[in-house]
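All chains are identified by letter, namely A, B, C and D, in their written order; residue positions are counted from 1 within each chain.
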Amino acid sequence: MLNFECDYMKGACPAVLQRLIETNMDETLGYGADPYCRSAIERIRAACGCPEARVYFLTGGTQVNATAMYAVLRHCQGVISPVTGHINHHESGAVEATGHKVIALPGHDGGKLKAEDVERYLKDYWADENYAHIVEPGMVYITHPTELGALYTMDELKALSSICRSYRIPLYLDGARLAYALASDKTDITLEDIASLCDIFYIGGTKCGALFGEALVIPRPELTGELFSIIKQRGAMLAKGRLLGLQFDTLFTDGLYARNGLNAIETADLLAKGIKDKGYSFLIPPQTNQLFVIMENDRIEELRREVSFSMWEHVDADRSAIRLVTDWATSKTDIEALLALL
Amino acid sequence: MLNFECDYMKGACPAVLQRLIETNMDETLGYGADPYCRSAIERIRAACGCPEARVYFLTGGTQVNATAMYAVLRHCQGVISPVTGHINHHESGAVEATGHKVIALPGHDGGKLKAEDVERYLKDYWADENYAHIVEPGMVYITHPTELGALYTMDELKALSSICRSYRIPLYLDGARLAYALASDKTDITLEDIASLCDIFYIGGTKCGALFGEALVIPRPELTGELFSIIKQRGAMLAKGRLLGLQFDTLFTDGLYARNGLNAIETADLLAKGIKDKGYSFLIPPQTNQLFVIMENDRIEELRREVSFSMWEHVDADRSAIRLVTDWATSKTDIEALLALL
Amino acid sequence: MLNFECDYMKGACPAVLQRLIETNMDETLGYGADPYCRSAIERIRAACGCPEARVYFLTGGTQVNATAMYAVLRHCQGVISPVTGHINHHESGAVEATGHKVIALPGHDGGKLKAEDVERYLKDYWADENYAHIVEPGMVYITHPTELGALYTMDELKALSSICRSYRIPLYLDGARLAYALASDKTDITLEDIASLCDIFYIGGTKCGALFGEALVIPRPELTGELFSIIKQRGAMLAKGRLLGLQFDTLFTDGLYARNGLNAIETADLLAKGIKDKGYSFLIPPQTNQLFVIMENDRIEELRREVSFSMWEHVDADRSAIRLVTDWATSKTDIEALLALL
Amino acid sequence: MLNFECDYMKGACPAVLQRLIETNMDETLGYGADPYCRSAIERIRAACGCPEARVYFLTGGTQVNATAMYAVLRHCQGVISPVTGHINHHESGAVEATGHKVIALPGHDGGKLKAEDVERYLKDYWADENYAHIVEPGMVYITHPTELGALYTMDELKALSSICRSYRIPLYLDGARLAYALASDKTDITLEDIASLCDIFYIGGTKCGALFGEALVIPRPELTGELFSIIKQRGAMLAKGRLLGLQFDTLFTDGLYARNGLNAIETADLLAKGIKDKGYSFLIPPQTNQLFVIMENDRIEELRREVSFSMWEHVDADRSAIRLVTDWATSKTDIEALLALL
């Protein structure tokens, strides 16, 4: 069975696994007070160009999103998200469960927020004489890449950042698949750019070569107080915090995180080219490691016998879009095998 | 440096690590829909003698406690806990953050709840004509072993269970260190007894040989609905759920969990005997893998240079209690080395 | 200054005020345990044709909405509302603050939910293989009349009720202006119909002749447990509960609530006819006591000097819609005076 | 039947009722944007000697307490309260439902917090190396008079204020019965003193002559942001806000609030003297308008036939304490009638 179902099916990339093995019997203090966490924080600060950034390690994306919004939003504030944003659609209401509304605006070109939509919403909100009766937009949430694999351009990100700053609200970037955004040549946004333009974001590990874990980064520490207690209170503080620190320390040593991203992008590009050559079209133009390919329903049923993938949506009576995902471990052989079946 | 600081300083026990390595490149569905989780659930059900139990794997104790109470308590209900209960004291208010009061009753003999105290509280509550203005006691929470390493006797657990049942409220057992309770000869309570007498409990992995993770068990599934969405909403659902399932599958194969417990208990017993022989006394009689030894403050300062441990509390002007903890990996050599220093 | 700004500017209708004066020095038990509350509950049960209904008196609409949803929705459930629904737009996020998502569907014909939209949403939700990751629709919320004064027809309400029942979720009706819906001849829905077709609703007092207060009604008591403690916990339990009971007792004696509604409707009809005769058009066809009249902006500015009303929205570059509201106390003289100015 | 049950059994004092009648048909804007609220705010500011105080009007004590703590406490903070504090015991867990722990310390002399207890708790908290795992004490809550009618002395209040300030946490005073504290000669604390020494408090109306309502006062506005939206979100913002403003405007005109307090105190003093003369003793020395009288159980049963009052607690096998409460309307004739029965 070929596997293109998603990018969190395997364990850890080899170097991460190796470090976990090597350090298994080390004895360190818990809750992040260990040398691996400290080292990982320094490496991430360096990679972001933010020597004073707050960095915390948590175990999953929904956990990071809900914890960060709980920590940062004030009462009566909500968070602007594209309709298809992960927090709006696929987190079982985790943000609302912390008491905050997700204010959904339309997405464009694969689920991206448009700066002008955000600006209009903010302007209208503050112009409404009854604004105090309405949830105050207190944050802007984007995913990069989006749930559909789309990427913001530098201009788009700058425009969003600029609006957020003029309204003094933080811009939050959900980087569950950040390695794949950074490796793509469809955008020139770097990690330093993100740290400069966003106010809070997370660097995804689970889908990008870690066994599990995400790194929450607050580039300018004045945005929040110390978050230790809040993370603990949310049940999001791993007792053996070093497990997370160690992984990010490894991923941010010698460019491993970038290489993990690059492998997925190169194999996805190869796959996209092959698919195009065979005459299929895409739901949205491929940009990262997720390809949304439109196929006849019969063809899809056949393919299922030998390949694992997700159904995405119906396109018309006869055709649907399927999702094919590459990752840090996908090989060219896998791609060739899949293309041979198409 | 000898390490008796706590039981979550090392990684995983060898067999668990081995399985993580072997299965690293397996590709499984996420969120617990994998064969390792299914197998682990069956093994835990068998070990508990509850073939229909609901079993979920989460990443840490505070997370399990807060998630379970959020799921089970109704609005306006609180949970009865001993004053020293972990939820009352050491979880940054995680239970209250889900909206529920922790109703603290005095602890006895190392932080145990007394059935008669619980009964009196419940009786008085329902006899108060203004009870609807007061938080309703909706659950009883105990830890076994307690935060001070104390164990309930079978009679004590039966008495608590009986009162909870007569008032139709669930009895919750926090088993962060359950392996060490099960292995101790100071109580004859088995896992099957716990599953029979308690209504919800968790089997600790993090402190008992897993890399990380806890198994929440609801022996009689009618207590709650399906908890998947609630766990997801709390950010407590690991995408690579198999990492947790695999560990518990291993721990509950061929008695590994019991062996892990036994090692800690045997080394703790050896240590306790040696300490007693040297004339020290204990804050409370040793029962599991945590020993609370009373020493002169000067002596403690000296010991610190070669041994890592926790300060517990001041006993009098000159003496304090320190905590020494053994675990699944403590060796007799470690014990001898420590005793040589005392 | 003529006042058509809104229907909660004045105090109480004369009969309600008279009873408050007469009973001022009575001494009754607090928290609803008084004869006035008991009598009011019986009168409301009789008017609804539901002899076992649970009835509670609270002080305002946002309070009732948030308390009722907090009480009824289970964790991970949200409430379907039209985009313009009061809970979605004008309650400062009160529902989300209780942890529940408002799932906004498009409104039609003045902010009404369409049964087919609701059905499609529910069907799609349960057909989604990842539904457990998505907020579960656990209630349907409508306002009658809507925020734009529109009314459901009997067929529309029956269709919504039927869908809710086939999916076993409650239908909630926000009746902040219910007196005006009941008095209008644009729909033939009675209070008994509402009690029969909806599962939870409130009868608005504040805007319909009471000094303040709303009556929450749960026609079939098995929907919820006793709500006293939840109402108390939310700070929504008035110590002098009799103040609310007394008002509803009065409003539901000798048809006062209906007469209050009728006055607003008759004067609104008179006003609508006059406005139409003068050649103005309406944003939506007048149905209850709120008229949304389209006017030249210059004309609006002139009118402001002698009449108090709300601006509603811009229609085009030169024209806007204003809102004119009648109530239980509006006189024909007021209408004539206003028409003379148009 | 003589009524000494509690101080919220009657309606409004005559002057308040009169103003409600006179202004009933006034047409004002809602949500506090009316001249009565503005005037009441200015009068309260003047009475407090705080010309910039934030002042809000809410409908009940539990509502004020929970709203204020929700607004002021940061995540992971709790509020220190005496065990018998109203928020700890009699509000159905309203504070915990906002996510915050009530940290209960022992009460003294009728439920008063001792400054040294608070200081020790704060000192120990910050000295604990694991403090980040423990709920941070973020506010101190007291009632004045206490639930047992006891009063803080100026020295006691100064000591509490001083400790709170040295730890930079707000001191909150629950003044549900504040009129009775201010009128008592057992303490010399004035309203200005409270505004100077406390950081947030409320002036009770419901029990002190208003029909209903409480005034939340934040003497130095920098403690919080504008609270309108939070109050609205909590369902605690009355649409006809003027009803509350008008009442407090009246209570703070020509010393009415003080006179209401004085009547209760004078009648309570008369009653206390008579009771003492008849040889009864008190559970705690009478200080305000609540007397806790110890009587034979048989005697209590007899008295019940002609007087309404609360049972308080059992004193020994044969005797119990009952509570007798006077208010703004109690007459000397009432007292004489009661004394004749004792």
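The rule we apply is simple: contacts are C-beta pairs under 8 Å (C-beta built on N, C-alpha and C of every residue); 3 or more make two chains touch, one makes a residue touch a chain.
Keep in mind it's a predicted model, so treat the numbers as computed, not measured.
**Student:** Keeping to the contact definition above, tell me which chains border both chain A and chain B.
**Tutor:** Neighbours common to chain A and chain B are C, D.
**Student:** Among B-C, B-D or A-B, which pair gives essentially the same interface as A-D, with more than half of the residue-number contact pairs in common?
**Tutor:** Repeated interface of A-D: B-C.
**Student:** Among the chains, which has its CA centre at the largest distance from chain A's?
**Tutor:** Checked the centroid distances; the maximum from chain A is D.
**Student:** Cα centroid separation between chain B and chain C, in whole Å?
**Tutor:** Centres of chain B and chain C (C-alpha means) sit 50 Å apart.
**Student:** Measuring from the mean C-alpha position of chain A to the mean C-alpha position of chain C, what distance in angstrom results?
**Tutor:** That pair's centroid distance is 42 Å.
**Student:** Counting only Cα atoms for the centres, state how far chain C is from chain D in Å.
**Tutor:** Distance between chain centres, rounded to whole Å: 34 Å.
**Student:** Enumerate the residues of chain C that touch no fewer than two other chains.
**Tutor:** Within chain C, the residues that touch at least two other chains are 75-76, 91-93, 97, 132-133, 229-230, 232-233.
**Student:** Considering only the defined contacts, which chain C positions touch chain D in the complex?
**Tutor:** Within the complex, chain C touches chain D at residues 3, 5-6, 8-12, 17, 20-21, 23-30, 59-67, 91-94, 97, 206-207, 211-212, 229-230, 232-240, 243, 308, 329.
**Student:** If we count contacts the way the header does, which residues on chain A are in touch with chain D in the complex?
**Tutor:** Residues of chain A touching chain D: 70-71, 74-76, 132-133, 136, 225-226, 228-230, 232-233.
**Student:** Help me check something: in the complex, which residues belonging to chain A touch chain C?
**Tutor:** 75-76, 78, 89-93, 96-102, 104, 130, 132-135
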